[in-house]
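By letter and in written order, the chains are A, B, C, D, E and F; residue numbering begins at 1 in each of them.
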């Protein structure tokens, strides 16, 4: 979309932009997967009311923390394999 | 992709294009979710034949209508929350 | 992203690029669906060990081959319908 | 969506986006159909050939999903149109002077 | 990610990408919420009207999912920040001379 | 796909698209692997620490999925090649004069 930058003197390095885009996508993708996984693990689908009760709230916190830990373990295992 | 428009005099307002793109994506995304949801609700996966029988057809019509109603309810609830 | 091509004399035909992009996306999308489907069909989720055993390996090979055959059948059926 | 305030270049660009989207949507329809019929019909991995039963199932599944898709597309179009008319009516009511 | 080596044009471009992504993310949040509450709450197709029970369920589901989303977004932000600090600390340690 | 009619600029552009796609595919592979092993292995939310059992499961799941992915990629490549050769043969047959 270079027409956006008609008046600018600075040139955009497409590699910098691609790197930032990649990183952004990675964070969003991970977030979306946490949202889906922890909903399945922590929220019963009867919907007896619209509140998050204590048990659900605690489950969400732990679920997010555990997802990050799994992320870390998998990352370390992949890094080791690729050595 | 500005190289497409080399010969044109009119300038494209990227915000207009982005708005249209967003709207297009919203409609497509909603359609895809209706297709997946109503298939699960209305079509048994034994495939005794290749026709849509009467029961399935009626179920599809009602399912689509109900999905739109849920869409409306959710939209209204979100609008109220954000006031 | 026309700023990439400032120094080039050749013009890019956006239709050629779009065609190649489409084809690339089709192959990637199909691959992703095979990965998901055959994992569900062939890999039990108890993870008694980290190896692929003989049964799993044979299942993967057959599953991939069968997916391609289904792809072919569906393609032929669609082509016939659209005549 | 109201395109009347868009200029020709914008409309041409959006038209092109819509065409690209349609090609991508057809592709997703096709690969999604293959995945669905594979998952619902193929469960025997004692050989790499499709059994007659699996093949029959795949053909019925394809036929049914095409018909399903036609019907739900039709309904979706109608319901979407209704919704847009409702929204236009609501917008007109909220215009100054439109509601006596 | 460290943006300090980026020039203004790049930062402005990336800012615009982030805004577009946020709009798309909100849209996905909305359509995903509708799909989830529809799938969990609507199971009666003897009529095209929502039953009172279904409507109540949809409203609770919406309310709950909004709260769920707020909470998990908060946790995600915290955990992400922690992770980035850890990574920064590890990177600093690996610099020559940083570890006596 | 036959790229022989493409000019160098087009080929360079497409090459860049392929590289970007590969980076995105690797990212999806990674986040998908994390989600899969999390869902299959983690079910105890009485604490925020991973149990030993969960950790073992995650490591096996990772190892297995990597091997799974290698094997299925290999098969996919072979089957795709076969398919393209078949299509080329069919296309050649349909050329005028190719079928005596």
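By definition in this document, a residue touches a chain if its C-beta (ideal position, glycine included) is under 8 Å from a C-beta of that chain, and two chains touch if they have at least 3 such contacts.
This structure is a prediction, so every number in the text was calculated from the model and none was measured.
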Discussion item. Hop distance check: chain B to chain E, minimum number of steps through touching chains?
Written reply: 1
Discussion item. Farthest chain from chain B, going by mean C-alpha coordinates, please.
Written reply: F
Worksheet, complete the sentence: Here the gap between chain A and chain C, centre to centre from mean Cα coordinates and rounded to Å, is 24
Discussion item. Taking the mean of the CA coordinates per chain, how far is chain C from chain E in Å?
Written reply: 28
Worksheet entry | Shared-contact residues (touching 2 or more other chains) in chain D | 28, 41, 59, 62-63
Response to the item:
Two or more other chains are touched by the chain C residues 1-2, 4-5, 11-12, 61, 65
Worksheet item: Which of the residues in chain D come into contact with chain B in the complex?
Response: 1, 3, 6-10, 13-14, 16-18, 21, 25, 28, 36, 40-41, 57, 59-65, 67-69, 71-73, 75-76, 79-80, 83
Discussion item. Looking at the complex, which residues from chain C come into contact with chain F?
Written reply: 4-5, 8, 10-13, 16-17, 19-21, 23-24, 27-28, 31-32, 34-35, 38-39, 43, 45, 47-52, 56-57, 60-61, 64-65, 68, 72
Item to complete: Give every residue of chain A touching chain F within the complex, in rising order.
Response: 18, 22, 25-26, 29-30, 33, 36-37, 40-42, 58-59, 61-63, 65-67, 69-71, 73-75, 77-78, 81
Discussion item. Under the definition above, what is the set of chain D residues touching chain C in their complex?
Written reply: 20, 23-24, 27-28, 30-35, 37-39, 41-43, 45-50, 54-55, 58-59, 62-63, 66
